[in-house]
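What follows are several structures.
Note that chain A is present in both complexes that follow, paired respectively with chain B and with chain C.
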Partner chain A sequence: MLPFTLISVTVAIGLFLLIRMPNIEYLFVAAYTIVQYVVLTTAWNILGGYTGYVNFGSAAFFALGAYSSVALATFANQLDELVPESIAPMLHLIFPLSIPVLIVIGGVVSGIVGLGMGYLTLRLRGAFFAIATLAMAVVLQTLVVNWEFVGGSSGAYIVRPGEFPGLGSYMQYLFALMLALAVLALVTARAIERSRLGYGFAAIRDDELAAEASGVPTLRLKLIATTLSGTLMGMAGAPFPYYIGYLQPQSAFSLEYAVNSIAMPMIGGTMSWVGPLVGTLLLGTLQQTANVTISSAVNLLLVGLLLIGFVIVAPNGIVGLVQDRLRARRAK
Partner chain B sequence: MSFDLLIGAIVAGLLLGGFYAAVTAGISIAFGMLDIVNIAHPAFIVLGSYIAYIINVGFGVDPIIISVVMLPVFYLLGTAIYQVYYLSFEKRGQESLRGLAFFFGVLFVTEVMLLLAFGVDYRYVEAPYIGPSLHFGPIDLPLRMLVPCLASLTMFAVLQILISRTFTGRAVLAVSQDQLALQLMAVDPIRIKRIAFGLSIATASVAGALLVIIQPVEPSVGREYIGRVFAICVLGGLGSMPGTLIAAMLLGVVESITATFYGPSWAPAIAFGFLLLTLAFRPSGLLGR
Partner chain C sequence: MSALLQVQELSKRFGGFVALDSIDLEVQPGERLGLIGPNGSGKSTLVNCICGTLQNETGTVQFDGHPVDGLAAHERTHRGLARSFQLPRPFPSLTLADNLRVPMLYTVHSRSGPLHAENIEARCAELLQMVGLAKKARQRPRDLTQVEMRKLELARAMAAEPKLLIADESMAGLSHSEIEDILALLVRLNESGITVILIEHIMTAVMSFSQRLAVLVSGKKIADGKPQDVVRDPEVVRAYLGQ
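Right after this comes the complex of A and B.
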């Protein structure tokens, strides 16, 4: 596990320096989105790929992270009006919170919701879980739309500092944080895969009843999976308000996140941590290019069609295709 | 809480519930009887709305008549989708994860194609019964709600008769209970499922026309109905048509009361509350199988 962590940290730092080289700010903006999807899809895959429970509510977990940041930032701005004068100076020492702290908080909030969600729905068949996640996204959006403190339906502005001391533009700082999160997500996913936990997840995916009968604590494992997955998604969402500058419920709860976080792992392959990474890098780069060159609606159509095509033709994704090819060559 | 307001909300809720029954009928067949988690169903309903809209604006035909004429087209679309679904997923035994992703993709593609073709503008139809209302004392019966409700109940009755009285209909019920037993009686379960799924998508044609009568439609409006239809279907008890009808009415009334007393922006949360409570306390629904 340690060598893998070192390698991924090195790759992340290398990537950061490489993107920094041409000195084009837009590269960071585009790369941030792709790396953010690496975190989201890896998180999705811990539940969807390893245990076989499809989560359609990725956008909701992502938005929870984003909106907990908005709520805390708004709280920091209106500190003096909201709390009694005696405590205010003390709170001023803590607020405004730095983004790494916001990421942790966003993760905790989403993780708790993931746990609750799993607790209510995971006792039932898989399909119910999928539907419930979809419905949950709608409800959380309703709550946020009705919550005036974070801007309601019209959205909230978040002022992004221009510079980050020692690193250059703030966007570079956000990108560096997101890279760190991606490393964290990938290391976690890979560690799970090779642990007792991972084998338990795989047993649930292959045959839940048989797993339960042979003593795998299925409910507890599934709850671990939903919590972990939700936490990582929330963490990915927490810096988002600072990235976008103006957060609306529609953009935070956008179906695009739900679709991409399913399509990318499915296209890459859901059996291991490599699949979501490959799928995201490929599809993410394609999307960013299409966004600039064609239009965003066409780009979404492309994702949908690719998703349908891959689940029909290559059920194990690109990684599965490559593995089959290698196996066939070895057999010769 | 004013009494008149409450009565008005309940009546409006029953009308709304009648319409929800039409929206849910297809899911009740696909999910309740065939175990096909067709989350793309609301997208087909919106497709139905757009077809009704195009023909209505072009030729001035009544949307409900259009939807009845379009039934065979939707039926064939449904059988085609089932064929793809069967060959790609059911036959390989991968329907759970990949089947869901497949329908999610279909939902998304349908929505984006409508978006590319018609843009994000709200579209509406014209018909003589949109506008006027009947009045009975304090009760208001807007015809644009009453007509869809009656059309929906008619469709529901026809479906119920088809399923409970005809041989094929009974075979559909049988396929949801024991596929092997059906095979032993020399009935091809795949054919039965294909017919049933075709029927399920066909209901989307009518539901779509009713939707565009009730409210202006834009491509992503179907999403609001995903939570609702599954909540109704689960609450009613999987595969039970009478249960679906009762649950639809119940959800309509509760939503309408919430919208009247707390504001319409809270209404979408109701369906989810219903769904979660049902799943947590009575997973077999009101009249479950």
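Right after this comes the complex of A and C.
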């Protein structure tokens, strides 16, 4: 596990320096989105790929992280009006919170919601579970739309500092944080895959009744999966308001997150941590390129077409396709 | 000696249908019990209630001196109750060795502390050897024949190191020599100290295997005793052949 962590960190640092080289701010903006999807899809895959429970509510977990940050930033702005004068100075020492702290908080909030959702819905299977997660996303969005404190339906502005000391533009700082999160997500996913937990997840995915008969505590494991998955998605969402500058429910709960979180691992392959990474890098880069060369509306069309193509040609994703080829060659 | 498994007045209903009606059953340690009955007589339901896949409404199940009522299936597996399924339910995406690894990691591990990776490897190999699948350890269940699938099913149940093994129709649809194969395997397991309940339709197999025979008909136990006596019991004959 340690060598893998070291390699990932090295790759992340290398990537950061590489993108920094041409000195084009937009590169960071585009790369941030892709790396954010690496975190989201890896998180989705822990539940969807490893245990086989398809979550259609990724956007909701992402948005929970984002709105935790908005709520805390708004609280920091209105501190003097909201709390008694006696404790305000003390709180001023803590607030506004730094983004790494917001990431942790966003993760905790989404993790708790993930646990709750798991508890309520994991007796459902297949399409029923997917529909329940979608319903949860709709309910949460309705709550946020009606919560004036975080801007309600008209959204909230977050003013991000222009510079981050020592690094340059604030965008670079956000990108560096997202890279760190991606490393965390990938290391977690890979560690799970090779552990006792990973075998338990695989058993649940393959046959829940047989898993239970083999001594796997299926309910507990599924709760671990929803919590972990939710936590990582929330962490990915927490810096988002600072990235986008203006957050409204439609953009935070956007269908794009839910669809991409499913499509990217499906295209890459869901059986291992490599799949979501490959799928995201491929599809994410394609989307970003299409964004600047064709139009931003073509994104979902691209996803749809690619998904149809892959379901026909490589139902197990790119990784599955490569593995099958290798196995066939070895058999010869 | 106290019974390993003690089922008392166990009943299970599905809506208005009484699947099991006040069943009493005792199994002594080391015993080989055959459980027979016509289709739909409640054999599998009884297995499911004993193993925790279904929860019984009334009655109690005691295993190894402790009541297990209300415990989830995986907790009963931890206590030493293992089963094979009537239709094999392997983990299709895992190799055969990994299929056995799951119960080892989750049952033996939580019972007697962490296992070393080499121990797991060795034990997997040993079990696959025992059922004659050692050569296919790295293949997936889809490459197996029907009889191999049954063997894998038994090996996976054995990987949990149970005290009691319930083999639910592990021979249905197999040829004569394949049945012999599985029977020999079950006898070997029993000789190594594992209590076995065999649920089966194939009478020759049940008769040669069982030390004791219990008969279920329409959710009731109508006979329990020495195999030779039980098959001559007029009630059993009537249930199987009609009047």
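Everything that follows uses one rule, which is that the second predicted complex is superposed on the first by the 331 of 332 C-alpha atoms of A that agree within 3 Å, B and C clash if a C-alpha of one lies under 4 Å from a C-alpha of the other, contacts with A are read in each partner's own complex, and residues count from 1 in each chain.
Just so it is clear, a residue touches a chain if its C-beta (ideal position, glycine included) is under 8 Å from a C-beta of that chain, and two chains touch if they have at least 3 such contacts.
Given the structure is predicted, the values throughout are model-derived calculations rather than measurements.
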Query = Can A:255 be said to touch chain B (first), chain C (second), both, or neither?
reply = first
Task = Return first, second, both or neither, reflecting whether A:311 touches chain B, chain C, both chains, or no partner chain.
result = first
Inquiry  = Looking at A:271, would you say it contacts chain B, chain C, both, or neither? Reply first, second, both or neither.
reply    = second
Query = When the two structures are overlaid on chain A, which partner does A:196 contact: first (chain B), second (chain C), both, or neither?
reply = second
Remark   = In this superposition, the partner of chain A with more touched residues, chain B or chain C, is B
Ask   = In the superposed arrangement, which partner chain does A:303 touch: chain B (first), chain C (second), both, or neither?
value = first
Request  = Figure out whether A:146 sits in contact with chain B (first) or chain C (second), or with both, or with neither.
outcome  = first
Request  = Quick one: classify A:209 as touching chain B (first), chain C (second), both or neither.
outcome  = second
Request  = Considering only touches as defined above, state whether A:331 meets chain B (first), chain C (second), both or neither.
outcome  = neither
Request  = Considering only the touch criterion stated at the top, classify A:217 as touching first (chain B), second (chain C), both, or neither.
outcome  = second
Query = Which chain A residues contact chain B in one complex and chain C in the other?
reply = none
Touching residues (chain side chain C, partner chain A) in the complex = 51, 53, 72-75, 77-78, 82-83, 85, 89-94, 98, 101-103, 105-107, 109-110, 156-157, 159-160
Task = Would you mind writing out the residues of chain A in touch with chain B in their complex?
result = 48, 52, 54, 56, 120-121, 124, 126-128, 130-132, 134-136, 138-139, 141-143, 145-146, 153, 255, 259, 262-263, 266, 270, 297-298, 300-301, 303-305, 307-308, 311-312, 315
Key: chain A-touching residues of chain B, taken from the complex the two chains share   = 31, 35, 37, 39, 84, 88-89, 92, 94, 96-98, 100-102, 104-106, 108-109, 112-113, 115-116, 220, 223-224, 226-227, 230-231, 234, 263, 265-266, 268-269, 271-273, 275-276, 279-280, 283
Query = Along chain A, where are the residues that touch chain C in the complex?
reply = 196, 199-200, 202-203, 205-207, 209-219, 271
